[in-house]
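Two complexes come next, and they have one chain in common, subunit A, joined by subunit B in the first and subunit C in the second.
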Partner chain A sequence: MPTFWDEIARPLAEGTLMTLLVFIGGIVIATVLGIGVAALRLSKFSVLRGIAWVHVEFFRGVSVLVLIFWVFFVFPLLGITMSPLTTAWVVIGLNQSAFIAEIVRAGIQAVPRGQIEASIAINLSAWDRFRNIVFPQALPIALPPYANQLVNTLKETAVVSLIGLADLTFRGNELRTHLGHSMEIFVSIGIVYLLLAYLLTQGTSWLERKMRVEPKRGTTPKQAIRLRNFFIGGGIK
Partner chain B sequence: MKSSPFTRKTRTAITAAFGTVLLAAGLVSCAPASEPAEDAPVASEPALLTAAKENGIIFGMTDSPPTTLVEADGTPGGYASLVTMEVLGRMGITEFNTLVTDFPSSISGLVSGRSDIRIGGLTPNEERCPVMAFTKPSHVLTYAFAVQPGNPKGLLSLQDLKDTDSKLGTQGATTQETIAIEVFGGDENIVILPDRQSGIDALRTDRVDAFVAPYQTLVQLLETNPGAFEIAEGYVPDLPILAQSSVVTSENADFVELYNKYFDELVEEGWVEEISDEYGFDFDLLSSPELATC
Partner chain C sequence: MSWDWAYSISIIPALLDGLWVTLIVTFIATSFGLVGGLGLGILGSMANPVLSRIAGAYVVIFRNTPFLVQLYLIYFALPEFGIVLSSEVSGVLGLGLFISAYMAEVFRAGIASVPSGQWEACTAINMSKFHTWMRVVLPQAIPPIIPMLGNYANLAFKLSAYVAVIGTIELFGTALRLGEKSYRYLEPFTLVGLMYLAVSVAVTVSLRQLEKRMQRTRPEMTTL
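Right, the complex of A and B next:
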């Protein structure tokens, strides 16, 4: 006789792991690409700005459901065949990169112009300006909307169930088909999504607290500099 | 400083258009140019069979017990899977994989090459036969209604539903949906549901008055949803009996020819009848003159 673990808990646990795998791959691609596209959006070259603009408008405007069907079912007809997991990463990565690019761009553009002008006045190079002046101030501004995007991305992973990838939603539907009990199963997978989202928001809230700019002085926080050093190294030379 | 002949807005539009063209060109260039096969060997067996012997075969299917399902160990299960695996096993194929999608996507999966053969649950009809290669039917579906316990509205046919202005739940892109639209003269009282369990849930929550599905499916649903509904007496008279075949793309018609040969062997041996009985399908209906096949 099948146990509770074998019949219900194990499929849901495996589905949760797949959801996390899709989420992590997707968000890494989205973040890296999003930062790159944001940089292009702020470029002084109009061609690069144009390409970035098209990327953002296209991937922000096209439904992720349509996109995943296209990549999974239509691209093979053009000779491009990706595994279901790669398809999921690429589609979620591209879709979310458009939103993240705008978050990063808005964060960078929110840094007061005077800060940048001052750094130019003291003869900092463009790279030093970015890592010492712009990035540490843009980061706390971009973090809250980025946290929202993380949760959105987590929920968006459910579309991969439509291409046969056995994520949490897919496993839930499978259990419904074989066992019935829709309410119990939907409640269970709802709780798992809620828990994962809660962990994400708690993690990003912690980061936000660490990154918060001191209101009295309006100076760059030490934590932001530490984080900056962690990601891009060094200080002003 | 030399001034540009274009305004800033015009320049932005031009660069955006340029960016679009670049992206499109990049996408197109990703697709390999199709080259004619040179010195292609003369195939002594169907190309699909050769490939499947080497790399295994992928079944495109919906999760729809008792016809098609995936076992806990990942292997295909259910009536249609067993029949197809038995035939393919005799053809020399030993590795079977699955791609589980919803019903409409199973055809897209086949056309795009995501699956090699779409098994179970596809009815040969005038629209499909010219564009796909259907095997001989492995079983026949007869349709019934899932209704509220006691069938308070006395719903036994699509006409009954029309006369009582009742709502019908059905899965989308199916033969039963097409026929229901014809009988109802429109789709106002038809609720499309993503899967069979949703049909029962819709019935339970009074979103539909009847849910139409293959009789064997309803029997299985009754096991997992005891007391939630009852199966209306008799088959739905306005729905035909429907042959269910496996299907491959039309260029693999030679594969189907060979498949049918081995399938006939299994029928002659009595194996198909035996397994039909085991799964509750009426084997005799396979030779019914009412049955439409390609």
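Right, the complex of A and C next:
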């Protein structure tokens, strides 16, 4: 059935690729920015903490739909023109960075105070303290809520269809206007989103299992260190 | 393009009307979400594997697909089966169904946090299932999760902007209409963004206060 492939399957496959493209760009920006904002929130200087607080409250408080329309319609009037894809990346990145910053902050703050005091006592530099003591312990704490946020980001990418970016939702809506059969089309799209979300959840829980550094049954301390070095780079050999 | 104060002031009444519609949409959808979420939460914590699976599947499906797709499904696909709903009803229904999936998880966690001794005690004094739920389990399960439920009400408020996409004239829909009419997008979108931000931040801050107060005045257990 050539019509099925050309008229239905191909647009949906292209839409899925666009959804993934928007998702990956958005999540990379959000993660990098989120870690930066979390670092500012834990800073010694109240001004930096204040800036980070405003960032988090602003981007958590404003609806992403309103934000994307604002950037898409108002920025050109101010002389800043961005392609729809760039707009999508920037908006999703900024919006999600606020949530990721809070996840990272909570993870870092959950590391027991004694760990930091101990590493100060053995005279580790601030960088070593973060890299070898705080970060490896914060990561497994932050990973489950981060996985949750990945799924939220994936769902949020549907908003880009409203500024004309041909993602999965956009393609589905297009098919609906051409062919009708809304039920079949939107259920199929829903299944694709469900599958993508499932893959994301499975991927992160696999990472989580790999990242457990404490020696478990069947894992020798040596293996544990090797695993740890594989994922976060060597420090203690 | 510079900011036009006269124009901004002239559109404020229309935007406030829109805000009112948004608040009504949020209120109805949240009430729907609370009732649905409680029902699903109770189903999900039942021993009956069929019922708890059904509740679990509902939660997984509604939490892992975009709200926009769900909204399209209700608004565009249901009429094919003879169920024609207006854009307002579709929007409220869609938002309520979506939020109830989130609230179900909260209710389920709240119910799971009630110590099993409470259940056993009810069985021991021969309380009926209904009374166990109404007088023992829910009164202990619900108060601690109120701030969490509030967060999801806030999420419903922010997501309610999506119902403009299927044609409801609420706050965001009003801004879209104004923009199309006057070709000025700067003022309507900025004002609308600020309105969403103001309500949402106010709710977040007061929920945080509520949470703090609740932690301070947690009722002590009565002991003999």
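Keep in mind that, in the parts below, the second predicted complex is superposed on the first by the 212 of 237 C-alpha atoms of A that agree within 3 Å, B and C clash if a C-alpha of one lies under 4 Å from a C-alpha of the other, contacts with A are read in each partner's own complex, and residues count from 1 in each chain.
The criterion applied here is as follows: a contact is a pair of C-beta atoms (placed from the backbone, for glycine too) under 8 Å apart; a residue touches a chain by one contact, two chains touch by 3 or more.
All figures in this text were calculated on a predicted structure; none of them were measured in a lab.
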Clash-or-fit label for the pair subunit B, subunit C on subunit A: clash
Which of subunit B and subunit C A:Glu174 touches, first, second, both or neither: first
Subunit B versus subunit C as contact partner of A:Ile163, first or second or both or neither: first
Partner chain(s) touched by A:Val62 [first = subunit B, second = subunit C, both, neither]: second
Which superposed partner A:Ser182 touches (first subunit B, second subunit C, both, neither): both
Which of subunit B and subunit C A:Leu194 touches, first, second, both or neither: second
First (subunit B), second (subunit C), both or neither touched by A:Ser46: first
Partner chain in contact with A:Val74 - subunit B first, subunit C second, else both or neither: both
First, second, both or neither for A:Val54, with subunit B first and subunit C second: first
Against subunit B, colliding segment of subunit C, chosen among 74-82, 92-100, 146-154 or 200-208: 74-82
On subunit A, positions contacted by subunit B and by subunit C: 58, 69, 73-74, 77-78, 162, 173, 176, 180-182
Subunit B to subunit A touching residues, read off their complex: 11-12, 14-20, 22-23, 30-32, 34, 63-65, 69-70, 72, 98-102, 105, 108-109, 111-114, 195-198, 200-201, 221, 224-225, 228
Residues on subunit C engaged by subunit A in the complex (per definition of touch): 1, 60-61, 63-70, 72-73, 76-77, 80-81, 158-159, 161-162, 164-165, 172, 176, 179, 185-186, 189-190, 192-193, 196-197, 200-201, 204
Footprint of subunit B on subunit A - complex, ascending: 6, 46-47, 49-55, 58, 69, 72-81, 162-164, 170, 173-174, 176-182
Residue numbers on subunit A that touch subunit C, as the complex places them: 57-58, 60-67, 69-70, 73-74, 77-78, 151, 155-159, 161-162, 169, 172-173, 176, 180-183, 186-187, 189-190, 193-194, 197-198
